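So, here's a batch of structures to check.
The two complexes that follow have chain A in common; it is paired with chain B in the first and with chain C in the second.
For the complex of A and B:
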């Protein structure tokens, strides 16, 4: 039993290693990443400094706003599985056929391979961002142990939600071979409804009310707002779990129905 | 003169070929256009939300920011439509296609530029133009300045071409695989905001070292500022000079090119 489990884990770790290694080719890439990180934090720092020269009504202070926008960028560097793009490419090229022949389901392959990619990006993209923000621009990230642990739990659930959401979009590409439209919809949803660039609590009143009803805020806004502003941790957790359960049911239903009908396009 | 007509002919030929290959997939073309429009519009919405909190940023009103944002989007769109292939250089090097270009008796940069056109850029260009025109009428800017938009947008995109040339020079030295696209995205983002919000040192960098300020901010001052003439002369001159500089660097770094052999 134990042996079987460890063999299963090994197989999945191998997928993650593939994802990690694929990125780890050019050393110069790391320098470019550091430079990119610096530019991003610089733009945000000066933009928000200029904005907060006026008296700003709203839930976020200058310090908190900077914490939020930089943390959102850090999160976005290593939280996307791009399951939609991967699945779309598999359908388009027909490589789905041999992916399905492997003894691990294709959804798991995508998950673990992109986990490897995200660990790579966490170290080589997100970490430079964090260091840049803290040491070059004095963004304060000092949180208590429990706050951080709570944040990581919520961010972990966000990861799962985003994976399922992207998987759902990827499954749609079984219908439409063109994935552009789907991808642009995803970006639109992310930009406005998830709180990727701005905390939802500073949106104009009517927009905020509408966005609040949608589930997408649990991707970015929910974990980040908890980290910076605190609040009802258990409530957010419960909300995330409910949406994840719902999405999971939808995805597995669709997956089952679609795989029966799949026609591989030549390949 | 003979040379010029030859190149013009080539450009038209390649352009019509590219257009034909785009129109094979008509739906793709339209979806690409719409989605680029939508994505940029969403990013713009964030700016609208920011102005819901304050009524000016360092003395820039919403309408003025709208103009600058639109102008910058327009310039990015121009670059995206006609010159984005410059950054495909790592791809050409990796696949060995670059060797093919080297053998032809036509300017290298010209060949790369015309090798493919990008349809996504049109959405950006259209949105940018729409934002500029809306801002133009809301600000009540004088009509006689309107035709100046065209040459200034072209000169602005020359800055972008220069920046992308400089960045793609890196790929001669290290074969492909460099995430220049993200870096370029962040660099171009600087042009969406007024230069005067940045610190003194960044202002100097954006004006003199990497003159991204001349892509949108200084041309924008031709319309928004009290003084027209100095910026109207300065912007194209700086763009041209920077472009020539970047072109020389790019040409020089070809010397370091070693074929990947595939």
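For the complex of A and C:
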């Protein structure tokens, strides 16, 4: 039993290592990431500075806004599994046939391989962003231990939610073969409903009410708003758990139903 | 015990014919009638442990569908199917521990990292003991001559190198059943030889049961004693590879080189496909039993310097086979 568990853990670590190494081979891309990080923070800094000189964006001060948008960028660097894109590529190229011949489920492979990718991106994309923001532009990130711990717990759940959400989109692409429409939807959801680019609390009242009814704000807005503004931690956590449970059921159901209908392309 | 057993297995695909642009909109509304396509049509056969079976068929004959059914990736429409004592689409995950596959045009190795990393993944994935893994790997590296490139990223390998690495990965965890789909496609003769020798070795040691799909009939001739021919979703031939030619009575080709310029024809040759040239006599389509008598008769009348006896060309046999569909009832 213990031996089986250890083999399982080793396998997962091996997937993660492969995900990590896969990125590492492109050394130049890593340097470009650092440069991009610097440019991103610069653009955000001057943009919001100009905006706040003429007006005030509701609930967020200039300092908080900068904290939010940079933290959102950092989070987005290492929170996406791109399960939809990976699954879509597998369906398109037919490599799914190979993946399905493994004694490990493809969802597990995708999750742990992208975990490795995200650890890589955490170190080589998110960290330069953070350092750049703090030291070059004086963005303040000083939080207490409990605030940080609370944030990481919420961000961890966001990770799971995003993975399930992307897996759902990928499964739908199984069915529709074409992924274009699904990608557009993902982009729209991320841009408008998740808080990826702006805190939802600065939206107009009616829009905010609509967004509040949807689950997508738990991807970015929930953990980031807690970090910067504080608030009802347990309430947010509960909300996340409920949505994750619902999504998990939906994904499991679709996975079972769609696998039965699989037609692997070509060959 | 039979490793694979099929009983009237059928797989039907449902498709819609979209002939005009308008049809695409009609299809959205569900107004185009569905068409049934029998990719695999009431197929029955069984394969025993350790057998090497060649599977031949034209494009679209149902080979890939059959393999997907056997691996449990597809669910059959009707009929019985058992692989390794289990129903594949119900126990896909358990069966996967003992099944392996090489698809000539796709890779199972991770593109950006070395083959060695992928091999290590296999050790954990199939819960192998490290010693077993190491000894298999050492052996296969030697047999397939992988030494020079096993640590290089897979994307930098040539096709021949990649195929050898793929085969290593496919056999590394001692699978009981291996599907090889066009493993030698596009390879030069040297890479091909390495691969064929490797598979012959595997066959000698009876390590695995192999189902080989290919268009290259010379592979099948060398590797498989048994051949199945699939056409339009049905098994139209199942038997000894060499026996295909015999059953078809394509006959043997005889060529006599003679000292005398004018070749004399014995009366025995009447009604046969004979070509006579200066110093040379060619007879095609001779059944096995008639060869000695014919040869004797020709040699009695001519001063024969050289005699060539060629079995029918497998490719030609297949072509003939597809041309004469009546044979399927034989």
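By definition in this document, the second predicted complex is superposed on the first by the 263 of 267 C-alpha atoms of A that agree within 3 Å, B and C clash if a C-alpha of one lies under 4 Å from a C-alpha of the other, contacts with A are read in each partner's own complex, and residues count from 1 in each chain.
Just so we're on the same page, a residue touches a chain if its C-beta (ideal position, glycine included) is under 8 Å from a C-beta of that chain, and two chains touch if they have at least 3 such contacts.
Everything quoted here is computed from the prediction, not taken from an experiment.
Once chain A of one complex is fitted onto chain A of the other, the partner contacts of A:1 are absent, as it touches neither chain B nor chain C. Annotation for chain A, partner touching more residues between chain B and chain C: B. Look at A:184: by the touch rule set out above, it reaches chain B but stays clear of chain C.
In the superposition on chain A, A:51 makes contact with chain B only, while chain C stays out of contact range. Within the superposed three-chain model, A:101 lies in touch with chain C and out of touch with chain B [touch as defined at top].
Using the contact criterion defined above for the overlaid structures, shared-chain residue A:197 touches chain B, although it does not reach chain C.
In the superposition on the C-alpha atoms of chain A, the part of chain A touched by chain B in one complex and by chain C in the other spans residues 25-26. Chain A meets chain C in the complex at residues 4, 7, 10-11, 14-15, 17-18, 21-22, 25-26, 93-95, 97-98, 100-105, 260, 262-264, 267. Across the complex, chain A meets chain B through its residues 25-26, 28-29, 32-33, 35-36, 39-40, 42-43, 46-47, 49-51, 53-54, 56-58, 178, 180-181, 183-185, 187-188, 191-192, 197-198, 202-204, 207.
Interface of chain C with chain A (complex): residues 13, 64, 68, 71, 73-75, 92-94, 96-97, 99-101, 103, 105-108, 110, 112-113, 117, 120-121, 124-127, 153, 181. Of all residues in chain B, those touching chain A in their complex are 27-28, 31-32, 34-36, 38-39, 42-43, 45-46, 49-50, 52-58, 170, 174, 176-180, 182-183, 186-187, 189-190, 193, 197-199, 202.
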